[in-house]
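So that you can tell them apart, the chains are marked A, B, C and D in the order they are listed, and the count of residues begins at 1 in each.
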Amino acid sequence: MMFERNNIGIIGGDQRQLALAESIAGDGYKVFACGFENADLTENVQKANLHRTVSVCSTLLLPLPVTIDGETVKAEYAEHPILLNQEFAEKIQDHRVFGGVTERALSMCPRLADLKLQNYYSREDFALRNAVVTAEGALQYAMQEFPGTICGSKCLVAGFGRIGSQLVPRLRALGADVTATTRKPQTAARIEALGCHFVPTDRLGDGGNYDILFNTVPAMLFTSDVLAAYPHGTLLIDLSSAPGGVDMAAAKKLGIAAMHAFSLPAKVAPRAAGEIIKRTVYEMMKE
Amino acid sequence: MMFERNNIGIIGGDQRQLALAESIAGDGYKVFACGFENADLTENVQKANLHRTVSVCSTLLLPLPVTIDGETVKAEYAEHPILLNQEFAEKIQDHRVFGGVTERALSMCPRLADLKLQNYYSREDFALRNAVVTAEGALQYAMQEFPGTICGSKCLVAGFGRIGSQLVPRLRALGADVTATTRKPQTAARIEALGCHFVPTDRLGDGGNYDILFNTVPAMLFTSDVLAAYPHGTLLIDLSSAPGGVDMAAAKKLGIAAMHAFSLPAKVAPRAAGEIIKRTVYEMMKE
Amino acid sequence: MMFERNNIGIIGGDQRQLALAESIAGDGYKVFACGFENADLTENVQKANLHRTVSVCSTLLLPLPVTIDGETVKAEYAEHPILLNQEFAEKIQDHRVFGGVTERALSMCPRLADLKLQNYYSREDFALRNAVVTAEGALQYAMQEFPGTICGSKCLVAGFGRIGSQLVPRLRALGADVTATTRKPQTAARIEALGCHFVPTDRLGDGGNYDILFNTVPAMLFTSDVLAAYPHGTLLIDLSSAPGGVDMAAAKKLGIAAMHAFSLPAKVAPRAAGEIIKRTVYEMMKE
Amino acid sequence: MMFERNNIGIIGGDQRQLALAESIAGDGYKVFACGFENADLTENVQKANLHRTVSVCSTLLLPLPVTIDGETVKAEYAEHPILLNQEFAEKIQDHRVFGGVTERALSMCPRLADLKLQNYYSREDFALRNAVVTAEGALQYAMQEFPGTICGSKCLVAGFGRIGSQLVPRLRALGADVTATTRKPQTAARIEALGCHFVPTDRLGDGGNYDILFNTVPAMLFTSDVLAAYPHGTLLIDLSSAPGGVDMAAAKKLGIAAMHAFSLPAKVAPRAAGEIIKRTVYEMMKE
C-alpha cells in the first residue's frame, strides 16, 4: 500500500489525540494511530506501529507537546516508547508533519529541523480557540469552588488578553458585576464596551470587595501585599501558566482561597481540545 | 435574659443552615445555633441547646426540610437528636417560626399546626432564586461531563418552567445554539424572544443532532423510544426532581450518557442556598 | 368558485395587514384583500370587494382593532368604507373569523356576537410577541433620544411585566447598568436572576442618578413629586398605553425629557407586527 | 489673568465640542469656548474670543477634524471664521494643543508642525470607543429600517474589525442569528467564540437568506455580482467610511434596500462622541 493523501497518522499523544483521531476519521479520512496500544479506539481508527503508519500516511500529527522528556514522543497510551532520534527523523521525512510545541523536540533532535515540521501551537487561531476552552474551564472551577452563584457576584479579572477577554463577557453574561484590569487605555475601552469596569493593573493593590478574583497574567501580580488588600475568604483562581502569578503561601496565610488552574483545556475538555487541533491543522493544510 | 427581637435561633440543618447562621450574624443579629454541636462556627454564632435558644430568641428558623424521618428535626451536625414532639411544639410556641417543607413535620406533630409555622419553601421568590442556583449547577455539570465546549454546542432543554427559563438564556449567553420544548404557544413566544428555537414537547421523539440534552420536566419524557431518536454519545442531564424523567436503563443500553443531577442547590452552592433562605425569611418578616 | 380551505380573506387594516397579506400568500395560501383599493400589493395578493372575498374565502381576518369609529371596519387603504352593520354580520357568518380587539365591534353590532369571532389580541402568545417588538422599539427610541450610548448608561425600568421583562435583559445585554422596579418579591428574584438590581415600586420617589428612565406601568407613577427626585436632563420614555404614566407638564417644568412611545409595534415594525398576527392566527387555526 | 493649569480652551467644533465643553466644565475645569458665538451654552462655559482664550488657558482643544476647508478651523457655531494661519500658530504655541485629524491642518499651515499638536483621533482607545457608538447607531438604523425585529432575524456582518467586533455580539445579544465574514483564521476563531458563524470574505458572493446585511469594510465588497446573490428586499446598511463598499446603483436595480450610514457617532450620539474626546484627551494629559 502506497501512502495516500487521505491517510492521516496520529503519532503519540494523550486524551486529546484520541479525540482528534476519532474526529478526523469521522470526516472521512483513513486514520492510523501509532502509540495507542493501551487506548480504546473505535473501529474507525486503525492502531498501527510506526513503520506501518509512516508507510501509508502522507500526513502525520505529533502530540502537544511533541515531547516532554526530550527523548521520546509524548505517548500516554503507548506500550513501547517512540524514540525521538535520527531514525525517527528519517522515517517521517518526506511527510507533511504537524506538531504542537516543537521547540524542545527540535533542540533534542536537530535532524527534525530539516523536516517541514509545522507548529500548530504557535498559531493565533489555535491560541484563541484554546482561550475559549480555558474561559469555560474557569467558569466551571468558579462554580465548583465559589459557594454562591456567579449571578450577582462581584468578580475581578486581572488581565484582558486572550483568556481574560473571553472570560470577562462570559462572567457578565451569567449575571456577575465584572471588573477587569489592564495597563493600556485602548484595552480599557474594550472592557467598558462590554459594560464592565476597569482598573489600572497597578491599582490591584487597592483591593476591593470582590467575591472571586481570576488571574490571567503570567507574572507575580498577587504578591503578599496585594493579597492583603482583599477580604478574608475571597476565592482566587489562577489561570496563568505555571508557575502562576500568585504567592500561594501568602494567600494561605491571609485566608484567600487561592488555587491554580493550569492546563485547563487538556483537563476539562479533551474533546474540545482535540477538535481545536483538528481545525487548526485543517486550516494549515489548506494554506 | 429575655428574648429579643434581634436574636435569631437556627434549629438544626445542614451546610446551608451553617452558611445561613453566619450570614444572619453578619447582618448584625445575635444568632444562636441549636443542633450544631459538631459544626465549625465562627465566634459570631453561639452554639446553644434548645432550651437556651428558645429562651433568648423570638424568631426561630427550622431547616429544609424540617424533618426527614418524621421524628426528629433534620440536624446533620447534632450530637443529640432534636425530637419533633409535643414538648418541642410547646417550647417553640409564642415564637415566630420559619421552616422549609413543613408538611411532613405538621402531619407527624399536629401540635405544630397551632403555631404560626411559616413555610419559606412554598414561596415563589424562594423557588425562583433556587432555580438560578440549579441553572448554574446544570452549567457546571455540563462543563464537567461534556467533552467539548458549551460555546458552539447544540443544546436541547426539555421544559421552560422556573429552571428551564433560567437555564436557556444562560446556555445561549455562553454561545450555544439552544432549543427548548414547551406545550404552550405563549411559552414558545418567550423562548423565541430569547433568540432560541422551540419544539413542541410532543415532538421530543423526533430527535435531532444535539450535543447536550437537559431535562427539567418531572415526568417520564425520555422513554426508551424518545431516547432512541438521539445520537449515541449524547449527554443527558436530568434536573427534574427524583425519580426523574429519564429511563436510565434504556439510556445506558442506547449509549446516551444520562445522569441525574438532583438537589443541585444544596450540593453545588450551599452558601447561595443559605443566602436564599435568609432573603426569603427577611422578606417574610417584613410582611 | 366555491370557498376553499386554502383561501384567506383580509378585510381592512393598516400597514400590518398589508404585511400580513403578503406573508400569508408567501406560505402558499390564496389571499384576497378587501378594503385595500389604495394599497400597493404584489401579484400574490388579489384585491377583491367584500362580496367576492366572503364568497371565496372560508377564513376571514379582521384588523386590529376591528373598528375605531364603531361604524366601519378600520381600513386605512379603503376607497369605500366597509360598514360594520347587520348586512356585514350576515355576510361573514358561516366563516371562521379572526380579529384583534373585538369588544367595541361587538358592542356596536351585536349580531357579530352570534359569529365565531375569535380575538387574537386577547391571547397571551400574541401579547408576548408584541412585547418583544415594543422592547426593541424602546431601545430604538432610547438610542435616538439619548445623547450618550446605552452601553455604560444607567437605566431604570419601572415595571417588570411583559414589556419590562423583555426590555430589561436587552438593556443589560447592550452594556447598561439596569435597575427595575416591582412590588413583588418573586419578581425581584427574576430581576436579580438577570444580573440587574431592583427597587420596590413605592421607592421610585427616592430618585437616583439615572441616565434613562422607562415606564411600562399603566398608572400615574411619575407624578410631579417623583419626577422631582431625578436629575434635570434625565430622559424618560413612557411605554405604557395611553394616557400613560407620566405627568408630562411637570416633567417639562422640571427639565425631564419625557416622551410617550405609544403603539410602538405598529409604528416601528409593521412587518413584525403582521408576522405576529399571522403566527397567532395559525396557532388558533390548529386549536 | 495668567494662564492656569485648570483652564481649558475649546476652539471651534460642532455639537460634539459643545457637549465636550459642558462635560469638562462639569469636572471642575474652567472652560473657555472660542468660536461658539451662535451656540447655547450654560453658564458653566464662558464664551471668549481667540485672544482671551489663549491668554488664560494652558490647554487648548481643536475640533475633529481640525479643518475641513484647509483655511479655517472647523467652527459650526462661529460668527467669525478662525483663520488657520501663521498668526494662529504663533498664538497657540507654548500651549498644550490637542486636535482630531490634524493632517490637513498641518499640511496647510506648516508652522503648526512646530507645536506639540497632539492628535487624539489617531489613538486606538479613541477609535475603539467610537466603534461602540457606531455599533449602537447601526442597531438603531437597523431597527428603524428593518420592518421585522432584530430578535429572530438573520444578520450578516462583513468585516470583524473594530466596528464589526462591536456590532456582532450586540446583534446576537438581541436575539439575532449572526454570521460574520473574515479573511483570517484567527478572526474566525474570535467570531465562533461569540457563538456566531463565519464565512470567508471571498465567499460573500455565495449569498444566503439573510434579513439584514451590514458592511464595515472600506472596500468595494458589495459589487453588482455579490449583491445579486442576496434576496430582493434584503436590507443593507453600509457603515464603512465614504465612499463606502456598496455599488448603490446596482443595489437599487436589484431591489436591495441599501443605505449609507456614514459618520454615525457625530450624528446619532454627539454627547457620547464628546465624552469620548474628553476621555481620550484626559488620558493623553496624564501620559
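What we mean here is this: a contact is a pair of C-beta atoms (placed from the backbone, for glycine too) under 8 Å apart; a residue touches a chain by one contact, two chains touch by 3 or more.
Because the structure is predicted, anything quoted here is derived from the model rather than measured.
Enquirer: From the centre of chain C, which other chain's Cα mean sits the farthest off?
Expert: Comparing chain centres, A lies farthest from chain C.
Enquirer: Write the angle of the rotation needed to overlay chain B on chain C, where the fit uses Cα atoms and the result is rounded to the nearest 5°.
Expert: With C-alpha atoms aligned, the rotation comes to 180 degrees.
Enquirer: Same or different interface residues for chain C and chain D, judged by whether over half of the residue numbers are used by both?
Expert: Over half shared, hence same.
Enquirer: With contacts defined as at the top, give the pair, A-D or A-B, that has more of them.
Expert: Between the chain pairs A-D and A-B, A-B carries more contacts.
Enquirer: Give, as an integer number of Å, the spacing between the C-alpha centres of chain B and chain A.
Expert: 35
Enquirer: Indicate the residues of chain D shared as contacts by at least two other chains.
Expert: Touching at least two other chains: 132, 151, 174-175, 192-193.
Enquirer: For a test of understanding, state which residues of chain B touch chain D in their complex under the given definition.
Expert: 151-152, 172, 174-177, 192-195
Enquirer: Taking the touch rule as given, give the residues of chain B at its contact with chain A in the complex, in rising order.
Expert: By the definition above, chain B touches chain A via 19, 132-133, 136-137, 139-140, 143-144, 146-151, 170, 173-175, 268-272, 275.
Enquirer: What residues on chain B touch chain C, complex-wise?
Expert: Residues in contact with chain C: 123-125, 127-129, 131-132, 166, 169, 184-186, 188-190, 192-193, 280, 283.
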